[in-house]
Structures are given as C-alpha cells and as structure tokens.
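Letters A, B, C and D mark the chains in the order given here, with residues in each chain numbered from 1 onward.
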Amino acid sequence: METITKTSHGRTLRTEEMVINMGPQHPSTHGVLRLELVVDGEIVIDVIPHIGYLHRCFEKHSEQMTNYQQVIPYVDRMDYVASMNSELSFAIAAEKLLKIQIPERVDYIRVIMCELQRIASHLIAIGTYGIDIGAFTPFLFCFRDRERILDLFEMTCGARLLYNYIWIGGLSHDLPQQFIPTLKEFIVDFRKNIKELNDLLSFNHIFIKRTANIGVLPADVAINYGCSGPMLRGSGVKWDLRKDEPYSVYNKFDFEVCVGKGEVGTLGDCWDRYIVRVDEMEQSLRIIEQAIQTLPEGNVQSAVPKRIRPNPGEAYARAESPRGELGFYIMSDGTGTPYRIKARSPAFVNLSIISEISRGCMIADLCAITGSVDIVLGEVDR
Amino acid sequence: MNAITEYFGNITQSLKTISIGMGVTFKHLFTPAVTIQYPTVKMKLPERSRNRLYVNMDDCIGCDQCSKACPVNCIEIEIIKSTPEDDLGITSSGQKKKLHVPVFNIDIAKCCYCGLCVYPCPTECIYMTNVYEFSEFDRNNLIYNFAKMTPAEIETAQIKVKKMDEETAAKKVAAALVAAQAKAALDATTQTSTPQQPTEPQ
Amino acid sequence: MTFQEITENLKQKFGTAIVEVKETVQPDPYIIVDPNSLKEISKYLRDEEILTFDFLNCLSGLDLKGKLAVVYHISSMKHKHSFVLRVEVPTDAPTVPSIESIWKSANWHEREAFDMYGIIFSDHPDLRRILMPYDWEGHPLRKDYQVPEFYNGMKVTY
Amino acid sequence: MIDWILTQFPDSILGYIIICAVPLLFILPYALVTIYLEMKMSAHMQDRVAYMRTGWHGTLQPFADILKLLQKEDIIPTAADKFLFILAPYIVFIGTYATFAVLPFTSSYIGSDLDLGLFYLVAVSSLVVVGILMSGWASNNKWSLFGALRSAAQIVSYEIPTALVLLSIVMIAGTMNMQQLSQLQSGGISDWYIFGGPFPIVKKLLLLPLMFILFLVQLTASMAEVNRTPFDIPEAESELVQGYNTEYSGMKFAIFYLAEYANLFAVSAITVVAFFGGWGSPFGSFMSGGVWDLFWFVLKGMFFVSINIWLRWTLPRLRVDQLMYVSWKVLTPFALVCMILIGYILVAF
C-alpha cells in the first residue's frame, strides 16, 4: 500500500508502509511466535500471526501410542508451565470415556495441585508481563515464589516441570508427609508477596498508563472468538468452568470468580486481564486452604485401571486451565490405542484474536497485548 | 477543570507510586538472597525425585515390560532363551531367571523422565536415581548399555540354544535364526560405538 | 436443554438436513448433519433464543477411513448446555462450508483441520496451513499418510 | 594542573594530547566500578547475589567482561553501510567524552575552563544523537532504525527541559563557567542551589521549592538523555531487542557500553554542579581542597548514578508518545514556570 501525501511546500511525498517481522525469535513473543507487522512508523496497521514453529505433532503421536497412559507425558509437554492442569483435563476426558469413579481423596489432591499450578502459571504470566512492559524486578520476585511451588511438586511426584502425576483414575503418588506443613508456610508467605507485587507493579502509575485502555476486547467479541479464562473474564464476563460447570470437586469450595471491572481504564483492556490473574491467585489460595482442611483419607491408586481399553465412543471434556478452557476430544475405537485425540488449547484460540485487538496500536502496545493474552507456544502449536 | 485535575493527579500519582516501588526495591536490597551457588552448593533432592534411570541387571528377568511402557521407545531389550541345564540364578525377590539379556540399552537422550517404565517392572530392577549431572559431548555416549554379558558369553549362550534347538525340534530353527540376527546386530553396534558402563550412584 | 430436546427442536426445524442421530454413542452423543445446510443450522443454533449456542468450543477434523468428518462442539454460556454436531464428506471431495462467519473462533480451527486432514472449507477467508510449514506436502493426520523421507532436501528422521 | 602539563611539553601537540587523555584515567576505572555496582545492586534488589566467582565477591568480573568483549569476533553485517557502521560508536563516544572537558573535578582541575561551560555542555551532548542515528541507519536493520529514530526524538526533546533548568541556574549564578558555579556553592551544604543558594534567608526560602522542582525536572531529563529505564525506549530489549546496537558486537559494542556509562556520569555531574555544589564539601571549608574536592565530586556523582540504577531496576518503561508527553507537557512547562518565577524573585528581592 502506498499513499501520496502533499507536503506543506507543495511537493508530493510518497510514504510506504513497512512490513516487519516480530519473531520467531523475539523476547516479547514468549516463545517462537512470529507476528508479521505492517507498520506506519510506530503505528501497527495489521498483524498477521504465523504459528507452528513449535509443532511437535501431539495429535499424531497420540494415535501411535499403545496405551492411553502413555499420552500423559505428551500432554505435559503441551502447556509446559501448567502441566498439572493439562493432565487433569486429559484425565477427566479419559475417565469420562471409561466411566470410572475416582476416590474423593484423589479429587481433592488434584484440586490442590491444579490450584498450585494455576498460581505458578499466573506468576509466570505476571512476571513476564512485567518484562514486556520493561520492569525486570517483578519477574524475579515471581520466579522466587514459583520455585517454592515447584519444590512442593518435586516433593510429591519427583519432577519439577513435567509431572506425569495425574493418572487416568488416580495419581502416581500420595502426598508426602511434609507436604501440608510446607504448603501452609508457603500460603502465609505468599499472601505478603502478592501485596508487594501489587505495590511494585500492578498499581505503578507507569504500568497502569502502559496497559490501561490498550487492546480493549469487548465481551461479545471475546465470546464470538471463543476466548476463555482470564481473557474472557478480563472483559467482564463472569464465566469460569470451575463455577459454571463444576468438574472434579470444585463445587465443594467457596471462591469468587474474578472479573475485570475497568477500574483504571476501559473494561476489557490489558490491565483488566492482568489484574484478573493477580486476583485469581488469591482465590486459588482460598481453594487450597479449604481443600487441605477437608482432605479425606483414602487410597489414591485404587481406581487406576489395569488395562485402559475404553469401549468405542467419543468424549469431550473440558477444564479450566490457567489460560482458559482446555478441552480434550477423545475418540476410541475399542482398542488400547486412541483413534483420535484433539486438544482444544485455550492459548491457540485466545491468540487468534490478536490481529483483531491490536490494529491501530503502537509497537510497544503490541508487546503489552501479546503479554496480556498469556500464550504458551507449546500449547498453541502442540 | 477536569483535565487539570487529571493532569496534576497523574503527576502526583506517578511520584507517589514510584516512591512506593523504590521503597520495595530498597527493602529488598537488604534481604538475604534466595539463590544458591550451584554447583558448589547443591539443593537437597527429595526422595521421590526422578532423574537418570538405572537398571539393576542382577534382578532383570528380561520381561520387556518397561520397554513396552515407554512412550518414547528409549529402551531396547534383546533376549536369548536359556537351556534347562543353565542356572541363571534368582532375583533378590526369589524369582528364577529364565532368559539371557544380552542387550539392554537405554537411550537417555530420548528419555522423558516420565517414570512410566518403573511401575510395571515385576522385580523392581529399573528405577530412577538422583543423578542429574551426566551431560556428554557426544550423543552416542548417552546410550547406556546395562547388559553385563560379554560377547563370549553371548556366543556360548547362542550356541547352546542352537544346539538345544537342533536337538529338540526343527520348528525351533526359526528362533535360533532370530538369535543369530541379534548377534549380528550386536556386533554392528559394538563396532560403531562403545557405550559406557554406568555405575550405580552412591 | 438435553440432547434429545435439542435434537427434536432441530428435526422440527430442518427435517431431512439432519442425516442421522447417534443417540447411542457414549458418553457424548452427536448428530450428523448435511454439509449443505450446516451454515443455516449453525446460525439457527446460535441465534435461537432457547438454544443460544454462543460458544464454539472445539472444531476437530476426523479421518473415518473412506470419509472425512468435522466435529463441532458447541455450548451455551447462557443456558449452560452443550451439543455436538458432525458433518461427513467423502475423502475424494472433502468440501465443507465454513462457519467462520458465525463463530469467529472457527477460523483457526478450520485452518488446522485443513492443514491436518485436507478438508476444504469453502468461503473461508484465509485458508492456509497453520501448524505445518506452508510448503509441506500431504495432510499428516490422515490415516493413510506416509511420512515423507525428505523435506526440502533435509532428511526427516523421526 | 593544565598549565603544568603544558609547561612540561612546550610548543608541542603532545601536551594537548595528554590533557585530552586525562579524563580517560577516570572514565575507565569508573565504568568498571559502575558495571559492578549495577550488577550487584540489581541482583540484591531481586534477591540474587550476582557475580560471586571471579575474585572476592566477583570483583574481577568487569575485567573479565571487557576481556571477553575484546576477544569477541567483530561482526559487520554484509548489508550494512560499513563506513558509517564503524564510525558510529566512536561518534557516540566522542559526544560523551567531550562533555568531560568542562567537568570541574576539583577546584584546581578542569579540562577547559570555558566561560561558556554550560552552553558547551548542552551543545556537545547532542552530538550523541548523530552517532546513534548513524548506527541505526548503517545497521540496515528495521528494528535498529526504529531505535535510532526513537532515540533522536527523545534526546532532542529532552534537551529542552535540561536547557531550561540550566538557564535558571545561570540566571541565579550569573555565570556559565562550571568552575565559578562550583565556587559559588563552596560554602557548605546551605549554599548549594538545591537549598536555595548563597542568599539571604527570605530569598533562599522563596527559591527552595522552585529549586526542588527544577532538580526533579533535571533528574528526569538526565535519565532520559542517557536512555535508561524508564526512558530506555531506544534500546527497549523487550520491544526493539536493544535497538540501535543490535548488530554491534565485540569492541564496538563495548564502546557503546562505555559511552552509556560515561554519559551516565556526565549527566549526574551536571546535576551535581548545578544543584549540589560541585566539588564543594558539605561542611564548608572542612574536608575541602585538593584530593577532598575530587572525593566529594565523585561521591556526589556516584550517588546520582546509584539513583539512576535504583530507578532502572524498579520501574517499567514508558511508551514513545508518553515519553514525549512527559517531556513537552510536564517537564518543559514546569521548568518554564520555575524559570519565570526565579526571574521574578531575583529581580524583586
């Protein structure tokens, strides 16, 4: 596109839009996302996302497995900052297909783990968002706290990132003895740290000015584009699968669904999406506190099937991952090998809105918008 | 008027929040660090930590369960049948071993540390240790060979099996051929690379 | 609304466009609809007050050996019910109308189904490959797919 | 001191060359110390420990860094404009280095005792823009070009509040000579311009709030001039991936780095001379003269360098248009109003 502009002294000046590649190697695309930008100076006119640089053939791999259980390590690697939630979604889908009832203790431990994982994932989202905006220190504060959550996970299942902990019908290990005391300590410390984080970043005026009124996503557009999780709640839609379609034992806990209120700018801007994540961490702590108080006794492996061979059929199950609705569509043909597994990854769907909400913003705003969508490329590309 | 209050509000807000932020960072200037000086200081690993795989070959009965459970196919096992007069010993759990295991390779570069191979093992001879520092310059060095049989032993075992097969029935000729092929394959691998013999960690 | 109620509603409205009702499939029953009237049905599902399926959860391609299928998982935030649609097309002429204009989230999902199964979504605004490289040959999730030996002169090892 | 050097080498250019090299004696060790200081401060703010292995608490790490940069391959992109690409870092450094000519390190040493000292400072520090634009253009990289253009816009607009602040100081002091400016404030802490300057008490109290505002304006503008967070948009590692110095490596990058740190001290020194009494001791004649002067000057300078570092690791980054907003709609009007009020106070009292 070329436009001819007449300058004040009558000469014609030809201006041309510039096409510039942001990524696949760029610090604020959070991985290997490539955004093809059409820019007019600092103003972004169009954004064309190109994904697939981290495609690891999750669905193809799943069809080659001899056992449903073997899919779980692959599911871990989809959303590598929130593996527990991915495992839970897959386990729920497989259990729905197999029609197995799981012991209550398993459900409680799953909830504790997933909420811890949600905090860990939101910490990464918040920390890296700080970096996108240019504040480096909150990032390391967030990672400091996340390390303690990972320590808890390592204590429980032996791995820090890719757990293979939630199995179909059960868990790989019961909680170790020191788990609950360590967790209680963490909760006390973490409450203070959230306040500190708010002082340092959330309510910093520069941060607010950088994120308020940027990347405004109206609620109806968000729903039509299939956005979920903090993206949707940031736009003021009170929709959380944990509350609205309770899976596992979430209906037994008392917590609030955090929504954006447009406190510092328009409803549905980057700051709203950000603050929803900060508030959700507090709600997760509440759920964990209730869960450890009422944790029932039981055997965590009693319902694990010896051979996983579902009847022919298909199931779609969804759960609320830190990024939104993570669903698995599993189709079985009666053998031990899944016939088809499709992952509905929230980051993939949320990312598709990026060109819609970032037209007309500046390059620096684009970093803010990409950060507020909170994508994990492992999940986008699978 | 509104614009003016907003203008001065912005300025005071900025100065206020900046000083709050500076207070937070200043406080942290004097809080002790949370990082440790790896590798001189190491974190204590929890009991359940999953790191490098180890196989206790004395207990392995060559059942191939771990290899089947592996989602990334990083375990390679070959077996040779034993003759009735062979005494292969018993495992620590008292089970009688019936198969020679001439090849037990784990490609630790492919391993995804999921631990799925550990659970099905009937004799609990494959397990994850707490060794996590084993980087190598050559990827081939990451293929660990756990089998203890020497080439001579393998050959005698194969000859014995062959003999037994010839003696017993003609239908077992096919099985002997498989073993011969296995030997050829093994020769080929030993020529190209000499996988190291890992030791059990302390 | 339950699956039966929604199916009845659709049957009354569209009649023969509902090819088959797979009520016995467990745990998620679905209906197979005629590709030609998919768009109308989707529009009706979204706009009808008592249905209000405002959210397209998932759109998946399927290879049923001989025919290809597209599965639509839709749900309603208002009424909190969900439903499964499916269209089936022959493998040699896999054309399905795009529902991108009804649920925008279908855009990338349809691109993915095109990429993986080669299902052509007619009047899709931007039907390109999405996960595989733009110059990749073949559609990897088809059951008869052969992994190529070389890609742009590079050996494909795994 | 200058005269002494010149008498050692009569009628020779060598004397002048030696004089030119004197600030280097300060800049090089200063840069090493500041790199170390920045790393340690940032690390402790983030609950880390930073360098611990090279030497005691990693004190030798800056040397190792320099050694590494010296050894690194000097890459010049094929499509780059070679001549400009090589020239740019030196121009940036010259622009910064030239400011050191008029910094009064002690009461007896100043590189060039110009009567137009402050004017020269403002003029010569703009030379940096030329170098940065050059590097951005010559790199033949779109992101670098963005960085260069942002930088040019930023430095040019922040010159104005700086100039207005310095103009107010000149109005109060009646001189542009840096040495005389320091001399005027040498009577201890109460004579510093930040506390109203060496005036009768009424005038002092009237000037005090204005001087405080001017000081804040100067501090903000100086941060912007050295391209540091929250004003580091030309480098903006998360947006432009280091902006104009993306394509530089090895020694050329080191020179950019050195220039940045040298500039940091230069702008801090300007603040010190303008508001905090230059080399003057806070206790009047006590602990002053000779080496004490140098001590106080460097100490005050390093204090402002530390404040810069502290802010950098606390704050997020502004956006381009907000940066311009801060300069044109906040700093400039405030400086202008203060200047007018100061003029009125000076005339009326």
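Everything that follows uses one rule, which is that a contact is a pair of C-beta atoms (placed from the backbone, for glycine too) under 8 Å apart; a residue touches a chain by one contact, two chains touch by 3 or more.
Computed from a predicted model, the values in this text were never measured in an experiment.
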Separation of chain D from chain C in steps, with touching chains one step apart: 2
Common touching chains of chain D and chain A: B
Most distant chain from chain D, judged by the mean position of its C-alpha atoms: C
Central chain of the complex, centres being mean CA coordinates: A
Pair exhibiting more inter-chain C-beta contacts, B-D or A-C: A-C
Chain B and chain D: spacing of chain centres that average the CA atoms, whole Å: 56
Chain B and chain C, separation of their C-alpha mean positions in angstrom: 41
Inter-centroid spacing, chain C versus chain A (mean Cα positions, whole Å): 25
Distance from chain B to chain A - Cα centre to Cα centre, in angstrom: 30
For chain B, residues that touch 2 or more chains besides their own: 18, 21, 24-25, 28, 34
Residue list for chain D, restricted to those that touch at least two other chains: 45-48, 313-315
Full enumeration of touching chain pairs: A-B, A-C, A-D, B-D
Residue ranges of chain A touching chain C (in the complex, touch as defined): 51-52, 55, 57, 59-60, 63, 96-97, 99, 221, 223-227, 237, 239, 244-245, 311, 313-316, 318, 325, 327, 329, 331, 340, 342, 344, 348-349, 351-352, 381-382
In the complex with chain B, residue positions of chain A that touch it: 65-67, 69-74, 76-77, 137, 144, 147, 154-159, 162, 164, 172-173, 176, 196, 199-201, 203-206, 209
List of chain B residues in touch with chain A within their complex: 10, 13-14, 16-18, 20-21, 23-25, 28, 34, 45-50, 68-72, 112-116, 128
Residues of chain D that touch chain A when the two form their complex: 42, 45-48, 142-143, 146, 229-230, 232-233, 236-241, 313-322
Parts of chain C lying in touch with chain A, wherever the complex brings them together: 25-28, 30, 54-58, 60-63, 71, 73, 77, 80, 84, 103-105, 107-109, 116, 129-133, 140-141
